[in-house]
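Below is one structure, written out as structure tokens; the observations come after it.
Order of writing sets the chain letters: A, B and C. Residues in each chain are counted from 1.
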Amino acid sequence: MQDSQRGYDRRTFLKLAGATAAIAACGGATPAASAAPSAAAATSAAAATKAPVSGTLSVYSALNESTNNEFFKAFNAAYPNVKVNVLPLAAAGELQTRIRTEKASPKSDVFIGGSSEFHDPLGKEGLLEQYNSPNAKDIDAKFKDASGYWVGWYTGIFGFISNNDRLSKELGGKKPATWDDLLDPSWKGKLILPDPVKTGGGYIFIATQIFRFNRDEAKAMDYMKRLHANVAQYIPTSPGALTLIDQGQFVGCPNWAHDILTEKGKNNPVDLNVPADTGFEVGAISIIKGTKSLDAAKALVDWSLTKEAGDLNVKLSNRGSTRADVAPAPGSPKLSDVKLVNYDRQWATDNKDRILKLWQTTVGI
Amino acid sequence: MPDIHLRLERVTKRFGETAAVDDVSFDVPRGSFATLLGPSGCGKTTTLRMIAGFYDPDRGDILLGGRRINDLPAHRRGTAMVFQDYALFPHMTVRDNVAYGLRVAGVPTAERERRVNETLEFVGLGKLGERWPNQLSGGQQQRVAVGRALVLRPEILLLDEPLSNLDAKLRVQLRWELRALQQQLGMTFVYVTHDQDEALSLSDWIAVMNAGKVEQAGTPWDIYYHPRTSFLADFVGAVNLVPGTVSELRDGGAVVSFGERSLTVRVPAGLALASGAAVRLCVRPESLVLAARGAPGDGPALPGSVARKAFLGDLMRYWVTVDGREWLVDQPDPGAGTPFDGDVLVRVRPERVHLIAE
Amino acid sequence: MRSLRREPGVLLALLAVVVLVGAFIVYPQVRVILTPGDSYGEFFSGGTWRNSLLHSLEVMALSTASAVTLGFVYAYAMVYSDMRWKPFFRLIGILPLLSPPFVVAASYVILFGPRGLITYNVFGQTISIFGLGGIWGVQTIAFFPFAYQLIADVLSRSDARIEQAARNLGAGSWRVFRTVTLPLSRPGLGAAILTTAIYVLEDFGNPALIGGTFTVLPTQAYGLISGFGDLPGAAAVSTILLALALVLYFAKIRLDGPRSFVTVTGRASSMPRPPVAPAISWACFAACMLLAGIIALVYGSLVVSALTVAFPQNTALTFGNFEYITSGANGTALQNTLVYGLAAALLSSLLALVAGWLVERGRWTGRRALDLLLIMPAAIPGLFFGIGYALAFNEPWLDWLDRGVLIIISMIFWNIPVGYQAAVAGLRQIDRSLDEAATSLGASSLRGFRDVLVPMLGGSLRVGFVTTFVRAVTTLSVVIFLFTPSSTVATIRIFQLVGDLNWGRATAFTVADIGLAIVALGAVALLARGRIALGGARA
């Protein structure tokens, strides 16, 4: 996938998005309809050419607890002859390791969820099956693995959560419009950040700063150092940080927009805003090499890339979709509406070790 | 020819550099009460434990009823041991303690109960079957230990200083009970003790050990009256050991001079002596008779003076200085006369004097 | 226990233990250690481990010292003093062991965090619970029960006569304690210190939540996997931890020495312990009450959290959380937890007893090596134990092996160190003359072990059982690589719910997990009372 090497180009995306939107506007429900019939066509085509897809799927899912049940129920509605055994573990790193340790005798068929940074190395290590789903044509090349080992089907935007009560009392209700706003001394001791060493989100935050400063690492590290003065704690899990804001133990934290919305939806006294020049992640799905249920696995990949699946995931987890025709969650900005940095995913993955060590030395941890 | 039940042949056991048991051989006749006597560290307990099978001899053989048992595991030797600190199982009642060996041997319940009850009566614990060890006195605990071993009718009963933790009176009383038991059952006992009174009164046969070796083995009478070394003479009972030299030999006898005096004594069989040889006169205190100076009487008499005396109840012990040397003299039944004081005569009966070569 | 060749039973037992240890402790770990291969050099030259190592050592020293001291005080109070309400304190002494990951640590944050209910709302303080201070506090409370259990077991077997004798000779209570009680409890103390230190070293759950940036080796390893997917790096960290544990182990051997700690001889005594001054009993009571108070607060808040919508922001009462956890897959998880836990506890404690006997009473070469191997699992972070098993037993020819069984096996061996140490400490207190008496009465070594020693080791058995059970039902890291949907356990469910920020349900699950564990332990205690005589502890 050459795009990921060139780096994400927002203008290209906007053009594509615009084009899709135009077509959508013209055709009314057509794109959606054409998506559905194409999916249906695919399945009915499959149905027409061979027996309905059946088999047992062992799925390693990094999706949220609240997403799994509904999601796979819906999949089963589309593929009633496939039995799905889900191993839910909302920790993609652990799942990735598990897949590695099971190399000699894989116990899973599909790895779903978790950012593409976890799927990619597995592909390079030869632990995944190549598959280019027919439905992947609806997905921008940006979100796909050029070698075909994984495909991105959801997105997550990096935003900011704040505790309403304490924000208004202690900071005049001022949400950070840019990341630089967090350097304000009024944030001292009230800010927390997901630990960059232990969490994907934390690392993406650092990488975002680097891309924000146009790859000037020295400037980015300088920012992180000054930010460090305000950070009360680095939290070992991204969701864990949210709870602390819910409880009002601290005032604000950069974190995943979809998770923040979910917290807000639970009537917690918190709010979301998305500062300018932010980063995002792509959630992937891949097929494990050596799977004995290849057809069923492919079916799951196909289905995850449909609008139906995309809409469902948005509804369940407030995440975004890599499909242009899937509306974002209420309260969540569209990817296109957000001022994103030029996020070079490949570069970020390749330089992770070095950047984190650099950060640790800079900040003195 | 006595039936030899237990034989040790040239048994040696080393711990590191030292030989705790050094080339020890002896025979124990069937049905006898055999005792290993000696000071601490002499190797008697180690020997016992080798018979039991808790230690392996480095050299030598142990034969039980003519059969070599070196390679038999301890629990299959047919020996049972009574320990110095009783080693009762604290989580079992008296009855269960006694029944244990029978249970292990798979003896059917009815017979087991019968034998246990029998044994409890035998050792005088009939009513205490349901007690726990920590509810018993020392003497009672020891009886349980004995009963527990006896009920198994072992080939040999091994006893490792079983009475040393009891008070004096109890020790004496239990001593007789043990002896009576042994004679009643006709069982072979091998008994270890450092107490020479016990050894003398209980045993049919004693082996006195010192520094890993058997100094002398024989009947109590033998050991007491015919010790072959000074150590033996001194260890078993009180003794006067008077150094002297052989001035003359005459058929079966020797004239020994000590200081200015001399005495003609019998030479023990098997003792080769040359004129001029250094010897010791072994004189038991009770074989001497005190008399006042100038009292009539015959036989050799040594003039001396009483340095001190001690009233021991059944006898009066005198320390009498003769030629600058203290002699121990025991006089029985002190109440029969008045105690001696000052200058006295010590009458020696030459036939009661034993000769030890240096 | 003389020459092995004369007792085939013992030889067999020894071989069995060696094979089991080799297959289930050594082999999986060898797989883990071999994983990094070449990247060891890379990792070590990278130097990120240095800080973590330093932090780990700091934390270990602090937390072990306080946990063992607290454990000793508690054990003394329970065994020696005439303090009131002992059954209550017995429960409190076990509660911290029952801490499924995350939720309990989270409670500490709710109570004592920057806006903690206690620290802020009651005392008006904004302390930072995060970092070394917080870890120290939480670990002390979390680990003192290990020390308490081991020490209490040893103290209960101490010989009252020796203490009475010391008193008779004019020694005051403190002197008796210092010169008699304390030295005689050295086997237990040594085991307690070693075990606690190793468990503190490999503790992941607490530093993960409360450590903040204060990284220790286990959290670094977790981060390497979770954040980077770096298995070789994480395996390298695990090797460091193993090496540390080895050092601790050898230190302990030097300190122990060959002295005799025999206090249970065949010479029974009905002597009661010298009375403890009432002042001391009251002091014990006060200290234990304070501790109990903190623990009650923490666990009490769990219950509150389970019964509310979103504690502490939203305290509306609800039973929805509990309803949820009894449904469907969750019921299976709770059931599995109980079954796996009990099975592992029973097998582990028995195996530990046999292994302890073979090592402590045996005279065969290689004893030291086996001793080391049986303590090693304590040094291996659960994460690595799990990875080792995943690597080692994932071969195609083992596909038939039920994952549930594999989980049970992993629990047995991961937790064998505590039961084993308790068995060894217990055996060192029992005079060999009791063994010999049994032998002399015709019992083979194995038989003697079963009839005479095992009944007297009830305390050690209990320690092994309780510890294994408790760790089995609260571990996440070991099972995270081994579980499957049908063999899922409560901790996995809690992890998933927490990941979803479903604190209400997660706490309900935690409370149910703890509740079931207490009930199970209580039932076992009742059953065991009738069967296993407690020997010297009867006094």
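Criterion: a contact is a pair of C-beta atoms (placed from the backbone, for glycine too) under 8 Å apart; a residue touches a chain by one contact, two chains touch by 3 or more.
No experiment lies behind these values; they were computed from the predicted model shown.
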Common touching chains of chain C and chain A: none
Farthest chain relative to chain B (centres taken as mean CA coordinates): A
Averaged-CA centre spacing for the pair chain C and chain A, given as whole angstrom: 39
Length of the line joining the C-alpha centres of chain A and chain B, rounded to whole Å: 92
Whole-Å separation of chain centres (CA-atom averages), chain B against chain C: 55
Contact set on chain B toward chain C in their complex: 52-56, 71-76, 79-81, 83, 85-91, 100-101, 104-105, 132-136, 141, 148-149, 152, 158, 165
Complex contacts: residues of chain C adjacent to chain B: 2-3, 6-7, 264-270, 431, 433-434, 436-445, 447-448, 451-452, 455-456, 533-536, 538-539
Touch list for chain A against partner chain C, complex: 64-66, 85-91, 93-94, 96-98, 100-105, 107, 118, 121, 195-200, 202-203, 232-237, 239-240, 242-244, 246-250, 259, 262-263, 266-269, 352-353, 357, 360, 365
In the complex, chain C residues that touch chain A: 46, 48, 51, 106, 109-110, 113-116, 128, 130-131, 208-209, 211-213, 215, 219-220, 222-223, 225-229, 231, 310, 312-314, 387, 390-391, 394-396, 398-399, 480-481, 483-485, 492, 495-503
